[in-house]
Each structure stands twice: as structure tokens, then as C-alpha cells.
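Shared between the two complexes below is chain A, which has chain B as its partner in the first and chain C in the second.
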Partner chain A sequence: MKIIAALTLAVLSCFPLLAQGSISGSTTIQIDPSTNIVTAACETILNGEADTGYYAARVTCVVVDSSGNTLPSGAYSDDGDVNGYADVILTFTGVPGATYTATGGHTAGLTVPFDAPIGQPQGLNFDPLNFYNYVESPTQTFQDGYDWLGPGPEVTTRLKTLHIGNTIASATASACPTSVTLNSLTPISITTDSNLRTGYGAMASMLANPTTIDWSSAVITETITPSSNSCPNPGSLQPAFQTVTLANSSTFPVGQGALTFDYPQSQASFPAIPGAFYDEHSLFKNFQALGTGTCSASAIQTYVCGGKTLGTFAITKTFTAGTANGGPATIVTVNKQ
Partner chain B sequence: MTIYLRLGLSALLFASVVGRNSASCQAPPTPKDGLTRLGIPIDPTSLYAALHDPRAAVRSAAAAELAEMKDTGAITWIEGAMAQEQNTEVLFTFAQSLDTLGSAAGTIWMERYCSNAAEPVENRIRAAINLQHGGNYTCLPAMTEFLTSKDSAIQQSVLLYMLHIPNSQPNSPPTLGPNLLYLANGGATEYLRHLAGKVLMQIGDEATRSSYQLQHPKQN
Partner chain C sequence: MLQSCLAFTLLVLVRLCLMPSPLQAQLATPAVPSANVDTLDAKAFAILFRRENTYLKMAQAAASTDKPEAHLDRVLPLQFEIESADTANFAKFANDWGRDTQALRANLLAAISRFQSSFPNGKVTPGVATTPPPELADWRAQIDAVTLQYRDKLHNTMREPDFIRLQANAEKTFASSIQGHPPTSIIAPSAKEAQQ
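Take a look at the complex of A and B:
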């Protein structure tokens, strides 16, 4: 028992000699999917013996895009070792689809000059844990975070700051909206073009969500699959919908206005709405397609971006024999849900 | 100039021969697409001149593009062109562009369009939607009339318009609640009934909302 107690005492008394210090460095980068706001954080922390007044934590933080363009950057120095850590937080709005890389540079400032005896070199700084060791080696860069141990023994150096290494982190902003929803559906009448005898339909305004993000660079396409048609077959209303695949789909520009597809015969225009794109659902012919009665046709539509389905809608075109512009006509109306 | 004329004539010919019979579910042309197709350069000076182009489609697209460019300097140009315009559809686009550019005169025009029973239904709805983008719900009484339309497409358009109105409005007509309740109970499709119920709970009067809640306890 006495032996164990003696050993314990010996270990405890040796502890100050064994105690180690380290400097932790970390870099994180996150992108809020609802706003595309990028937040990069770089931090240098002094641990253990490294946080006893001989060092000051310093950090630099630089964000670059995939083209190497430098975006926001910042630096902070915890001079006087007030906190024992230094951090920089950068925020900015990202561009959909862009990849950002943040690099944190981690540095220890030497705060205690070495009191050299007269006759020996002056102007030296005290580095009790020998972080100078990392300065002599090629700069190390680690993913996300790293803990640099002070290897000791104590050294002196003319340097006042010791750049001990870097940490990096990357993130990519989503290139695509999370969903597409129906914003408005405006009927377009055949009367907008007096030369037609069959037509017209509706202009749908679709929201690319979240609308807080500028999706103007997103490549949104569609598929259309006809699902039913009660119109005379064979007849001039077959097909009422053209099959559309991703291969032959048009691309929907977000945030731009629209003209009806029959332009320039028709001059109906629809103003740009932030966060929305237009999709025209129409059918027009210069002859009367349906002599009497009414019939309808339906199709399933999906909006796709980056291989992901953003929304599925059922579109119904209803054809009704009627009159327009003083003559017989087939009136086309559209529902979308 | 000759090239532009040829391009324009080619586009017109193409549209009149090939494009006149079509089933479309696709991205419509933007005003910029349309103007480019007809050889109009996309810059303010050219667009101001295009407001007086002999082709109605060019005048309309020029005004729409100026609005999209947020060129407030175009307001006086559009107002000047409007005074001489005869084409009703182009006049509508001029007024719509003025409203989009923040012109009070444009807003007044849009309010007149939506409330004028002599105007085509689609122009009345387009005017209402244009105003609604700016948080102006003046057209609510006029749109309420369309809830009783026999055309489910018009009913859907109006319900989607109303869905953007955040709460009961001081200008809500007394027929709003009953018309919405009628649609919520008897709309042509489940989708329309559900949409009408949602709008009713959002902007309907208290009495009609209570009535709806009693009839549809599961949805509340």
C-alpha cells in the first residue's frame, strides 16, 4: 500500500513535467439550403500549457470559389491572450451550384521575449513548447481540424509569430430548387389572336422554392406524359399533349417574363416575377378542331433539375365547341394541379 | 436594317405557316427572345424607339422588356407611346409595364382593367395578378365575381389569386364568403373544393369560416 501511494505521489509530482500543450485549428463551412447563405468559421484555440500566457492565438480565414476567386476573408488575433482562442466568421450569399473552400491559417504569436544574459544574442522570443518545430517543416494542411501538440523542449526564436498549419473545408451550394409549386394560372383566350379557330389555354406561373434564392442559373426541365384523352379519335385534337422527355425539354428561365408562345401573332405578355418561371399550356390551330360538344385530355408533368423531381402536376385541357371572334371556334381551357 | 427586316419577315412567316397549329407545354419565349427574333436590339434607346414600331408584337414586347430591365426612365416613353396606341392588347401591356415600373398611372390603369366588366376575363385576371405582386388587392371585389363562373379554369385562377392575399381585406365584398363556401362544398373537383376551403379560411368573413368549420371539422 505504501508502495502504491509512493508511486502515485511520484506520478503526480512529475505531472507538470509531462503536461502538454497544443494548438487546435478548425475550419467549417456551411450553406443554409433555404437562403444559400454561406457561413465559414475558422478558429485557433490554445490548449493546456499553450494557454499559460506565452502564446497568443491568431487565425486567418479565406474563402475561395472553384475558380480560385477570393471571396470574403478575415483575420483575428487574441493579443494579450484574453480569450485563449481566436476566431473569424464570414458570411455571404452563395451562388447556386458553386463550390466554396474555406482555409483557416493557424498561428501562435509569441508574447514573451527571452531575457538573454548580456553577451548572448538579444531580441529572441520564448517558445516553451517548441511550436517553432512546425514552422521549420513544410506547412501542413488538414481537412476540417487538427490538434498540433507542442513537442518541446523550449526554444527561442527571432520570429514573433509561428504559422503552424492550415485547416480547410468545402461545401457546394445546391444548384437546384427544392421544389416547384403553382403560383398562378392565368387563362389566355382565343380572342388574343383573331386568326385562330381553336385555342388557347393558360399561362402558369411556377415558384422555384425557396424563393429567397436566386435560381436564375438553375437548369429546370420537364417531362410530359399524356395520360387520357376523351376527344374524337382519330381527330384533330389528337394528340392534345406532346410527349416531352428530358432529352427534348425546353429549359425554364427563373425570374424572367414571358410572351405567349404564339408570338408574334399574339401580344399577351406576363411580367417577370422574382423566384418564378412561366410555363405555357396551350393548344392553337387555325381551324375549328371540335364541331360539337366538349372533350378533355390530361397529362402528367414533372419538373426536373439535376436529376431530381421538383414537382409533379396533372394538367387538363378542356375543349368546348363555341364561338369566338364572330364565328365557330373550339375554346381551350386549362386546369393544373 | 435589311437583315433585321429579313429576320422579322422570316419569323412572321415561320409563325404563320408552321407555328399556327401547335400543342404546347413548354417554356414560352421571354420578351428578350421575342425581340431578338424580330431583330430589335436589347438596349434602352432601341426599345424606346420600338414602342412606336409598326408591328404590335414589337411594341408590346419592348414595353415588357423595359419593365423587366426595371428602366424607370422608360415611364415617360411608355406613357407617350400609350397616348397614340390603338391596339387593345398592346395598351394592356403598356399599362402593365407602367405598373411594374412603379408608375401610379400604371396602377390606376390596372385597377380599371380588373374592375371593368367590358374587358376580357383574362385581362381582368392578369391585371389583378399584376397588382397583387405589389401587395395591392384592390381587385378582390372584381375577382369575387368570377368565383361563380361555370369555367373551372377561371375559378382556379381566381382562387390562386386569392390564395396570395394574406388575410381578410377591408374591401372584401359580402359575396366573398358565401361564394367561397359554395365552391368549397360544390366545386367541380376535390382540388377546387380544397383550394376554396383554404382560401375561405384565409380571407373569408368569420361567419362563413365558422360555417365551413362546422361542415368540415376534419380539415380544421
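Take a look at the complex of A and C:
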């Protein structure tokens, strides 16, 4: 029994090897997460008996964004069946959050005419594997890739090219940075504004990574959760941090400069840095908040985009009684890590 | 081709004769026959090597490093999770594969040209033999054999789990439609585009 089954399987297995011919179509699209560079590849390949000179592989490749705008496109014909395949590679820099769809159109060019006897229709082309069978309207479209087996028997057709189908693939560029890291922390002196009796803190420059991508459209928000406070309670340094939730958070604009929050008379400015945003950590009042000694308060901050935490930092504000701006003052310094 | 067929027949016979009982078979882990793996890999790795060569050529031809094309050398290592330690070998084997198969392809083209030169005025006419000579299948088989050789060379230089992952991804990406799991048609046809 086993031997009969083996013989049957073996014989059946031999036929496709001898007679099978197919045309493969594939479309792939990749987005490099570190650069947002989009690469689409569309390919038509002649396999087996389809690669015997009767057909030429042809391919078209079109990329559209989610609004239907056509981006790069291309076409290639391997006429003469030189390579046995035709491919188009398209590459461009994508926009964060955008979805791109590549569509490959797969066509077999018929390269050998059919010389019909006099009295019969003329101007025909020879299609030995009958790929004409797949010429449909609308054209069949498959996800990622497909093999169109030549069903045979041979046919003739007036068509010179047989558009046998399409393949399609999509990818979405990340809308959010992969992480946020501390670029620099610049202390801001209370003397920046001569009206202050309590202040100031530091301006944090934060990197949205990878910085090679323009994240200006990314919606980066924060949460701040106070964690400790050694300052007098009750007192004007309680709380030293306002609780911030995603619901009441503002958005950090990447790639823009910043001004300090202080009274407008003496705002300090910070220049725009590509790939970075500013986050000020300060406290300022026009009265002396701490009469003597020193105290501190801490909070945990997270940066969030698209529901994903990009980075978590511990912020500490230290308050020290001293003198500034010509009189007693509470000087604020900030550490962030 | 005949020799390949006979060899395959013998292989199937031996394998089936050594098959366990049905109960044992149920308990055993199903395995893809190596002949099928080679069929898939001959296609998958040929596309993989060819695409690597195309990407590297386009990257080298990029006008400047800030052009998107200049980054094409990263695409396949990223897509197929090829470790950085393996990318140089991958690129080298792809290049060598291209060189070796180009010569075989030239022989295939020459055979096609000889075959088609028998058509009167370059046209198929009734009564003319249209079946391609077996020589073409032999050249294609040689190209497949070279592809599998370079697959194996790559295998020998990679850590086993890394190669298994690459092989699975390549088969899934480039040969899934010949594995018996064709993708679903997402737009159904309704009528013939044109009539003869």
C-alpha cells in the first residue's frame, strides 16, 4: 500500500516540475523607523515554463498616501526576457503618522506573434500557458504577493500585453518618537527678572529620538506627579509642582525655540534646535517664599505620545533662602535626570 | 530533468517506506520535506539576493548621503532582522550569487534564442513545435542550484537561530504564495477586460 502511494505521489510530483510555469507578482513596503524613509518594491517574475522567451515581465509601481495623493511611481519592462523579472524600487522620506500604500501592476508581455493561416484572423500573439485567462476587469488584487499559474492550454490573442493582476502592501510611518532624552539643562537665574523675590529654575532641552526625523507634527504631552516636599506646610511652596495629567497637559512643539514663562519684561529666549523641544521647570513669585534655610520638592515626569511613554524623569526643585535683586530672596534651582 | 525526477521518486519512496505508523505519525511533529524547502528557497533566496544587489547598487549610486536612496543598504537587514555581524557576508554572497547566475542566465538566453530562431520569421505558425527544449529547464535548475549553494554558504556563516529566522521570513515574504496558502484576493474580478 505504501509503495503504491509512494509511486502515485512521486509521479504526480514530477509533472509540475516538468510542465509548470507561473508569473509571480509581489509588492513590499518598508519604513525605516530611524529615518522614516519609505522603500517600496514591486516585482514581476517569470517562473519555470513562463521563462522561455514567450513572455516579457513588466511591472508598474505606484505609491499613494492615505489621502490618495500619488507619490513616486515607476514602471519597468524586461522586454526580450533578458532577466526573467522586472522590478521597480521607489524610495522617499515619509511623514510621521502617514500611511502609504504601494500597488504593483503585473503584466506579461507577449513577445512571439502567431502567424495564422490565410483566411483566419490575423495580428494575433501566442500565449502558450494561457495567462490570458487572468486578464480581468476590474483587475484582481492580492495582498503582498501571488503566483499566477499558467493554466494552459495555449491560446492566441490580439492583446500584446496581459495585465494579470495587482499586488498591494501598506505601511504606516511612526507618528511618535521612539524616546525622549535630556539634551541639556540650563539654569535660569532669579536675576533674570529684577522684580522676583522667589525664583527661578532651569530650561530643559529634550531630544525627540531619532532626531533625524522631523517630529514637528508629533503630539508629545506629559504627566507630572509630585512625589515629595520638605518645605513648610502650609506654605507658599506647597505644592511646589502642579499635578499634570494627559487630560490637562499642553503639547511640546519639537524644533521650536522657547521663551521663559516669567513676566514679559525680562523673558529669556532659547533658540530652536532641530529634533529638540524645551521644557521649563521653574517657580517664581514676587514675594519671598522661604524665610530661612533650605527645602526641596520632587516629582516624577513622563513624556507620552500616542499612548506610549517616551521617557521618565525625576525633577527636584531646591529652595534656598538668600539674597538677590537687591534684597532677601528665595533662590530656586532645578535638577532633572 | 529526468535524472532529477528519478532521484526525487527514489527519495519519496525511501521516505514513505520509512514512514511511521499512522499513530506514530500523529504524535510526530510535521516537517516540510527538504525538496519542498529547496523549491521555496530557490525562489525566496534568489529574490532576496537580487534585491540586495539592487539596493546596494542604488545606495552606491546615490548623489549624496542625505538622499533616501543612500539608505537602501539598511532596508533588507532591517526587514529581515539580519544581525550587523552578518550583513557583510550577506552582501558578499548576494554579489557572488549575482555574478555566478548571470553567466548561467546568459546560457539560458542563448538557448532561448536558438529555440526561437526555428520559428519562421520569428512567428509561431501552426504545426511548428512550440514546446521549449529541455535544455532551458536544465539551465533554470542550475540557477536554482547555485541559489541554494549561496543559501547554504550564508547558513554556514550565521548563527542557527538567526538563519532560521531569515529563512522563514524570506520564504514568507517571497514564496508564501507557492506554499499552498495563497493570499486572499482583495478585489474580486467581474468580467473579462477584453475579448479576442
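What we mean here is this: the second predicted complex is superposed on the first by the 315 of 337 C-alpha atoms of A that agree within 3 Å, B and C clash if a C-alpha of one lies under 4 Å from a C-alpha of the other, contacts with A are read in each partner's own complex, and residues count from 1 in each chain.
Heads up, the rule we're going with is that contacts are C-beta pairs under 8 Å (C-beta built on N, C-alpha and C of every residue); 3 or more make two chains touch, one makes a residue touch a chain.
Given the structure is predicted, the values throughout are model-derived calculations rather than measurements.
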| item | value |
| --- | --- |
| Contacts of A:Pro138 with chain B and chain C, given as first, second, both or neither | second |
| Partner chain in contact with A:Phe252 - chain B first, chain C second, else both or neither | first |
| Touching partner for A:His281 - first (chain B), second (chain C), both, neither | first |
| First (chain B), second (chain C), both or neither touched by A:Ile45 | second |
| Chain B versus chain C as contact partner of A:Ala98, first or second or both or neither | neither |
| Which superposed partner A:Cys295 touches (first chain B, second chain C, both, neither) | neither |
| Chain B versus chain C as contact partner of A:Val180, first or second or both or neither | neither |
| Touching both chain B and chain C, residues of chain A | none |
| Residues of chain B touching chain A in the complex | 11-12, 15-16, 19-34, 37-38, 55-61, 63-65, 67-68, 87, 89-90, 93, 96-97, 100, 120-122, 125-126, 129-130, 133, 151-154, 156-157, 160-161, 164, 189, 191 |
| Chain A residues touching chain B - in the complex, by the definition given at the top | 182-189, 191-192, 195-196, 201-203, 205, 222, 224, 239-242, 244, 249-253, 256-273, 277-287, 299, 301, 315, 318, 333-337 |
| Chain C residues touching chain A - in the complex, by the definition given at the top | 1, 4-5, 8-9, 12-13, 16-17, 19, 43, 47, 50-51, 54-55, 58, 68-69, 71-72, 74-75, 78-79, 105, 108-109, 112-113, 115-116, 119-126, 130, 132, 136-137, 140, 173-174, 176-178, 182-194, 196 |
| Parts of chain A lying in touch with chain C, wherever the complex brings them together | 2-3, 5-7, 9-11, 13-14, 17-18, 22, 24, 26, 28, 30, 32, 35, 37-39, 41, 43, 45, 47-49, 51-53, 81-85, 87, 89, 91-93, 112-117, 124, 126, 128, 132, 135-147, 154-159, 163, 166, 168 |
